[in-house]
């Protein structure tokens, strides 16, 4: 069980890394990466909880594993949406810079 | 086992099929039909709960919690669902392509109905909100919150302007940060108790086995919910996002979207956490709420744009709910129950009045071509119904009778005074004064004689408000007033089904 | 011995994460992130969670990596970054280390023996005729979460499409590269794609009893589709195509239909007909795999560029 | 028998690791992108081949061994094609910078 504990500590450290990335990232892409690192750490803690709950013939408790799979897909969706927003924002800003002071907001 | 609970979640989803497969007009009609069905379903749930005097339950897939997941409707969730369904339906009607919208002149002003994507997002919101109000599993609630985020963020940037896109991006990042914190709390809870079902957890937590870890988990989940609900000091994303969105989108965002995380905050601290823990956490929430009311209220007073003013007012008003926590957690029987009713009633009445105000502000901005307060002198002449809707909605924010806000705030005030919490009572009163300041400022400007607006040198435009849309806003404002005819006593309906348990609900 | 391996893996994982958050430039950070995702997959194998490892590598590292790399290319080379506050980094470091330390303390304080639902799952699994407990949890015990998560996936595509310049979301997504595909890409697409599709189908088929399942399979299939697009072997589909929309809806609404059918046959929403559980579950898996593959691929390709003018 | 198999595995896997290490060293130390790609693909392909070969005696059955060989073949295919694509991209980029034209980013 000590192996699981090791990954638990790694998960806690990854959460720290993610928070650092979120706080210091210069741009939105850096924040998205920080969010993903943070999410990875949280998911790893699910894995540790699952591994600690091994029993009944399973190497790990299947419920947290299933939750993580759902979580990974949701995190991907979030990343994709954030990236799409960022790309569009940069395109719109670039257009505004090129075409003088484009359309003003209403 | 009540089938209505499943229908409340699935019926809005069924409306997505015609929107994605058929033309936009057919899809739009189907979506509005489904939003009406949603109102009928939620009204049915509320009626059953009131008739039976107990909660309704449904075990999905036939596997009882803690292995499976269950849905449960008590008085509080039924009230919230009905309110959300009504706001969504009215906003949907406001946003539809109405008579006269297809003419070129109207189109040029950009006042035609919203695109089909808007209705996809609106239906998804309906599903996500119903799920958030019904789900009893902390992870299902996480999925509900994510569904809500993914439906709400694109609403902010439907027009694709730079300001909207950057507001949407900030909103998304805050919401994601909130989800991760929430999830971190969930994993700790699972590690402690091996279940995520609220009823089971409430029983386990009451035995006090979790210690500091349980407190940390609840704190993390609450911080996540606060980020999603834009509670002070995590409110920074709200004003640009809510003020930049198209009016119909702003209305649902401000009125119902942020209510789901607030609802869960109440669920967490009044149904899940053991009382001693709530008594520790209550004053912290109340401090955040007081800071929101005072700080955001003052900032709202200083705004120059109508929609930004309303957005800051949202950030201020959600503070009232947080004032409820220490009052409701005391052992002072009737007075704590009164505070609970006041806080929850405030969620409902604020939703109706804020939706009315954002829709009215949208119509005012559309009529005048801008929403700068300095140039709105005399707008009451060209948009009388919108201004009336704005003013009636504002009554509720100020806490003047007859309005839902009045009843809610009087309940909070009474409870605070009876319990000797003077500082909370003071905050309630100061918040009312601030709200009075910013609402009356708008109303006074709107009722000015147009000629007195000499500084800007502009007369009123020839355009008139879109009358049927203004009437929808007015109807919502009247709804907020109707809530004001409640008796000033703890409402038994809101208390149905508490404390949370599956007893008698499982097959 | 294995503890040493775990310790080294954890340290490398941390180094990777630190590399991602401390590298200033976008492209190296994203590349470091992809490597970090692969290492995380290895950690999942060590935690006896092979299903999660496959998902993490396919979606968390693979498809996310493609999305992020595309983003790096579309962003201006020199992002407009204000000079960060001098005090920010040390302050952020202190905050993050405090958080990590507090969490570590919480992890160490988790109760022993650990609570678990493994026994419940083991008791209920035979009724479903499935061999893989994770698939059982995803598609039977917590089917509601999985169904709604399919809606989340669909909604994120709607969100991406809403960023199209065309408010009606018509047309094809912009091509991945303005130039024609280089010959090796085309070669790779022609040779690798059939093998990859086979692997994807194997993951789906095996998922009922062994690690694998709809998500992993859908991600592999999406990757093969993208490979074919990159190699100019197929054209990106038009967003308004009715067939494409049907493929997108097949998963969530097929699942929903099965849920309602369960009401009729098993007497409960999202129940499975007694006796035919496994067949119906596999049918659901096929439908959601198709939708996952198409949705993931379209999310990577980005918003449609508007209606084509012939 | 098993002793010989273990020794075989040990020798080949060690050799494979040496090749990987050399490839990584090349990635870190070589000055040009092209030579880096060269070092990485060449050395890593041999390294992977040696490791797969070394592990073959440890496979429980023929199917498992075949899967390992398939992994090696797929890695060969992918790394070969990707190395070429990357090399072409590098050439195009150096050409573009030589022409002193601003590198085209994004879509027109």
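By written order: A, B, C and D. Residues from 1 in each chain.
As a convention for this text, a contact is a pair of C-beta atoms (placed from the backbone, for glycine too) under 8 Å apart; a residue touches a chain by one contact, two chains touch by 3 or more.
Just so it is clear, the structure is predicted and the values come from calculations on it, not from any experiment.
A.B. asks: Comparing chain centres built from Cα atoms against the global Cα centre, which chain wins on proximity?
C.D. replies: A
A.B. asks: Averaging over Cα atoms per chain, report the distance between subunit B and subunit D in Å.
C.D. replies: Here subunit B and subunit D have centroids separated by 55 Å.
A.B. asks: Using Cα averages as centroids, what's the distance between subunit B and subunit C in whole Å?
C.D. replies: Chain centres of subunit B and subunit C, defined by C-alpha means, are spaced 31 Å apart.
A.B. asks: For subunit C versus subunit D, what separation do you get between their C-alpha means, in angstrom?
C.D. replies: So the centroids are 26 Å from each other.
A.B. asks: Any idea how many Å lie between the Cα centroids of subunit A and subunit D?
C.D. replies: That gives a centre separation of 29 Å.
A.B. asks: Which residue numbers or ranges of subunit B touch two or more of the other chains?
C.D. replies: Correct list: 67, 139, 143, 146, 150, 153-154, 157, 160, 165, 184, 188, 190-191, 194.
A.B. asks: Any chance you could list the residues of subunit D touching two or more other chains?
C.D. replies: 106
A.B. asks: Pull out every residue in subunit C that's touching 2 or more other chains.
C.D. replies: 74, 76, 103, 106, 110, 114-117, 121, 141-142, 145, 149, 152, 155-156, 159, 163, in rising order.
A.B. asks: Which two-chain combinations qualify as touching?
C.D. replies: Those chain pairs satisfying the definition are A-B, A-C, B-C, C-D.
A.B. asks: Considering the complex alone, what residue numbers of subunit A touch subunit B?
C.D. replies: 15, 18, 22, 28, 31-32, 35, 38-39, 42, 45-46, 48-49, 52-53, 63-64, 67, 70-71, 74, 77-78, 81-82, 85-86, 88-89, 92-93, 96, 103, 105-106
A.B. asks: Going by the contact rule set out above, which residues of subunit B touch subunit A in the complex?
C.D. replies: 67, 139, 142-143, 146, 149-150, 153-154, 157, 160-163, 165-166, 168-169, 172-173, 176-177, 179-180, 183-184, 187-188, 190-191, 194, 244, 365, 369-371
A.B. asks: Taking the complex as given, what residues does subunit B use to touch subunit C?
C.D. replies: Where subunit B meets subunit C, its residues are 1, 3, 6, 9-10, 13-14, 16-17, 20-21, 24, 58-63, 66-69, 115-117, 120-121, 124, 127, 131, 139-140, 143-144, 146-147, 150-151, 153-154, 157-158, 160, 165, 184, 188, 190-195, 209, 211-213, 216.
A.B. asks: Report the residues of subunit A in contact with subunit C in the complex, numbered from low to high.
C.D. replies: Going by the criterion above, the answer is residues 2-21, 23-27, 29-30, 32-34, 36-37, 40-41, 43-45, 47-63, 65-70, 72-81, 83-88, 90-91, 94.
A.B. asks: Across the complex, what residues on subunit C touch subunit A?
C.D. replies: Of all residues in subunit C, those touching subunit A are 2-3, 6-7, 10, 13-14, 17-18, 20-21, 24, 26, 29-30, 33, 36-37, 40, 43-44, 46-49, 51-52, 55-56, 59-60, 63-64, 67-68, 70-72, 74-76, 79, 81-82, 84, 88-89, 91-93, 95-97, 99-101, 103-104, 106-108, 110, 114-119, 121-123, 133-134, 136-138, 141-142, 145-146, 149, 152-153, 155-156, 159-160, 163, 215, 296, 299-300, 302-303.
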